[in-house]
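One structure follows; several queries about it will come next.
Order of writing sets the chain letters: A, B and C. Residues in each chain are counted from 1.
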Amino acid sequence: MGISLASKSRLASIEGRVPTVTTLCSHSSLQIFHGARAEGLPSLGLTVGPPQRFYEAFPLARPDRFLSVPRVKDLPTVVDRLRSEGSVLIPHGSFVEYLGPEAFAELDVPVFGNRAVLGWESDRRKEREWLESAGVPMPTRYENEEEVDGPVIVKYYGAKGGKGFFLAKNREALKDFHPTGPYVIQRYVLGTRYYMHFFYSPLSDRGYRVGHGSLELLGMDRRDEANIDELYKLGAQEELLKAGIRPTFVVTGNVPVILRESLLPRAFDVAARIIERSIELFGGMVGPFCVEGIMTEDLEFKVFEISTRIVAGTNLFISGSPYSDLIAPGLSTGRRIAQEINRARHEGRLAEILS
Amino acid sequence: MGISLASKSRLASIEGRVPTVTTLCSHSSLQIFHGARAEGLPSLGLTVGPPQRFYEAFPLARPDRFLSVPRVKDLPTVVDRLRSEGSVLIPHGSFVEYLGPEAFAELDVPVFGNRAVLGWESDRRKEREWLESAGVPMPTRYENEEEVDGPVIVKYYGAKGGKGFFLAKNREALKDFHPTGPYVIQRYVLGTRYYMHFFYSPLSDRGYRVGHGSLELLGMDRRDEANIDELYKLGAQEELLKAGIRPTFVVTGNVPVILRESLLPRAFDVAARIIERSIELFGGMVGPFCVEGIMTEDLEFKVFEISTRIVAGTNLFISGSPYSDLIAPGLSTGRRIAQEINRARHEGRLAEILS
Amino acid sequence: MGISLASKSRLASIEGRVPTVTTLCSHSSLQIFHGARAEGLPSLGLTVGPPQRFYEAFPLARPDRFLSVPRVKDLPTVVDRLRSEGSVLIPHGSFVEYLGPEAFAELDVPVFGNRAVLGWESDRRKEREWLESAGVPMPTRYENEEEVDGPVIVKYYGAKGGKGFFLAKNREALKDFHPTGPYVIQRYVLGTRYYMHFFYSPLSDRGYRVGHGSLELLGMDRRDEANIDELYKLGAQEELLKAGIRPTFVVTGNVPVILRESLLPRAFDVAARIIERSIELFGGMVGPFCVEGIMTEDLEFKVFEISTRIVAGTNLFISGSPYSDLIAPGLSTGRRIAQEINRARHEGRLAEILS
């Protein structure tokens, strides 16, 4: 038996009934509702204001019902309603960000996964502590400018959406950086980016064993970022800067990728270390998470960030990916979440995957 | 009931019989024939000279029969044959371009969609009038060089294939442009490109309602362009220009992409405006169309062009896309066209989708 | 009847029994085992040291059994075991490279395809002789620096992994190249890269006919390369060089692409020429091969390399591609290999596809 994350009282609202897959209507909600439907679970879409009309265009991904609140911060006021609906909340990046990690953590409704992870992921310093103590290779962090011995990226604390980044090809170029707040200087790792969609099941007793459960790889993407991706078409960055045009790194979409098969062992190894350390630190992560890093020309994989929930890149693989199709045809991350809920329910182990 | 586009005499050739899906063998013809076959419709491939041999390599996409003409301009001479075959012509970019929009519009054979759109799409000024009067956000157009206040792209009128484009990072750089014909200066919008494959069904009475029908999103791609895509590998564009190497923008292929889910509402909104205005201007568009634009770092979507027919990027999604799989598993645009023809036939509404 | 590649004694080990699909656990082995399983063939994974654990994570792609050797060069010592297992070896890039083409060619176990191709592919000069004599368009090769009249790429003989490449935008820039060994200077062709996955079946008597068999197109990808792909994000290459940062071309993964349909005839034509000439030179290629080239702004396709085995880019298409889905739904290259073995077995023609 695994670790119990949820108390009896937390799970009282879904006891003896079919849980309702519930999430905020944004980010990866189409996929989450699509997966719930495919696995026979009811679904509920939370909206701020009236539901977006585009759900009408996707009959296989429209939630069974909607529940609207005037503002995101009114979500805590509908907790009783969510409990009466038998809701299990599926966290995603926008859901947690819009509501705030603290407010999200306090919702008295069953949440898929371990809500203790929120405190570790939302704080960059704690996240780094977690990953470094797990032995995950990360880009060097410089304490001051004198240490810089190669290209760097400078990030402001709490910067959102990639607008506050500054790139410098060496210490010399870093002189053009004039900080307007607290920041960190990291090595800028050259290579190709891979966003790896993993899933950790504490229920599974076969497959790639980690802790009491199993690790799965469900897909891989690369993020589209505006304006950096296509900036080069206009000219050299040095010349563009003179014209007042700066690179930005705002995520707008995703493209599908795969990794060389010979690099999979270290990808699995990194993901396993993250899980193992999460069990030691806070009882473990459950369900989808994403390892985001750069493969260098020396085939070293440097992790620059992790996401401890379903990521938007999984939306590419509504009907399966080159990885998940090796597990079961047509398996999306959204569907995998619904499968895990169903299994836990049938095995009486919901406390191990909900919190 | 919707708008009748086709007269009784135009449809006489297919009355009471199963229509034959007919298109020129190029562009997206494999997908169109594949979709016809999947929906049980016969197909006919029009070829200039003998059929290309590669159709033999794709048994599920080979048309049932071929009809060859010596030159494209001989197509009007086989109109009687096409009527006797019960043909419905499926327009695509190459079909209309090779034959010429005027000659295409005059063919006395049923055409899928509203042939009145041809006059609006083939004239850049009318297209812009249509989109601007629909309230679609587009890149600024400058009347003269003095107005230029940022990066621009200069396009010659009627330039084909993206060879005649000139990019300038500011007004200063524009001085290197020495026109050889009439041109337009547009703001060069920095961001990431999305080519969104929509489908408008005037027959549907459910889903995302627009006009008398419904709007669907079937997929998304990004175009490969030679040589601009990989030009940066050789060096800074400013240095390459000195070596006599200029950027070009010739489409060679496509890659699949998805957009952030939170940006879908404005994508649907833009597409709906285009449809609504088309109904006012010329009786409406029917079937596939593509909205082509750039998502900026501020998450504004600027439309630089639309295609009013099936686009080649849909060829990525022969067996469904991350969007169409939320409507019906394995749905391609080619198959969706065949479904629409079948539905119209069974409901006696062919006049609403053919012209 | 086609060309017999294998002697009776070579095939004695699989006579009258179901062959075991066998390959080295790397590169595209997940796909190969997945395809074998889908077509009902047993599979055996060869490993150096204990099997990688990640196979446990992919139940549909794990081989039925593993056979481990301490070092790659010990593989010849298990030949008797492989024969007793009824193995058919499936070559892939890593399998041949790790073992060495000579050692691979000498293994007395049935190999899928014609092992005579190894001598032609592993020697750049012979490969070029083959392709040029087939009339395949390739980038110009310069005999000396004075001939250079445009951008060039300089490759050292036998350079692996793309680290030893040097790019120069013209003859002037080539002066910065200081050779440390024998090298070749090639025209650097500007455009977009396509890696086309073909399959040649000597057994098929329908489809796109070449020689005694048929040519199929199963997919297309583009390789990810570190660090060149994302190098531009840090600045102009000329400036990066001053900071000691050089471009490298190490393959790390793949992305899916498609080509304009109107360019398929020349893609098939090039692939057919390569097959036809291989029949004349060494009895023909069998099964998967990849044509790797650049489409220019003038829509000319220049081939810079071919791979005469399954390539890693096919791993994108475990459940079918936009091309293979036009042949049979869900067809991967790995599955196509298994189908060919099954067909040859049932028709008593294994000698035509094994060697």
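Heads up, the rule we're going with is that a residue touches a chain if its C-beta (ideal position, glycine included) is under 8 Å from a C-beta of that chain, and two chains touch if they have at least 3 such contacts.
Just so we're clear, the structure is a prediction, and the values are computed from it rather than from any experiment.
A.B. asks: Quick one: compare the interface residues of chain A with those of chain C and tell me same or different, with half as the dividing line.
C.D. replies: Answer different: the two copies use largely distinct residue numbers here.
A.B. asks: Which angle of rotation, from 0 to 180°, maps the CA atoms of chain A onto the equivalent atoms of chain B, to the nearest 5?
C.D. replies: 120
A.B. asks: Hey, how far is the Cα centre of chain A from the one of chain C, in Å?
C.D. replies: Comparing mean C-alpha positions, chain C is 35 Å from chain A.
A.B. asks: Residues touching two or more other chains, restricted to chain A: which are they?
C.D. replies: 231-232, 236, 238-239, 255-256
A.B. asks: For chain A, which residues are in contact with chain C within the complex?
C.D. replies: 151, 167, 169-170, 172-173, 188, 190-194, 206-209, 214-217, 220, 222, 228, 231-232, 236-239, 247, 255-265, 268, 295-299, 320, 322-323, 325-329
A.B. asks: Using the touch definition from the top, list the residues of chain B that touch chain C in their complex.
C.D. replies: 26-30, 34, 52-54, 56-61, 94, 163, 224-227, 229-236, 238-240, 243, 245, 248, 250-256, 312, 315-319
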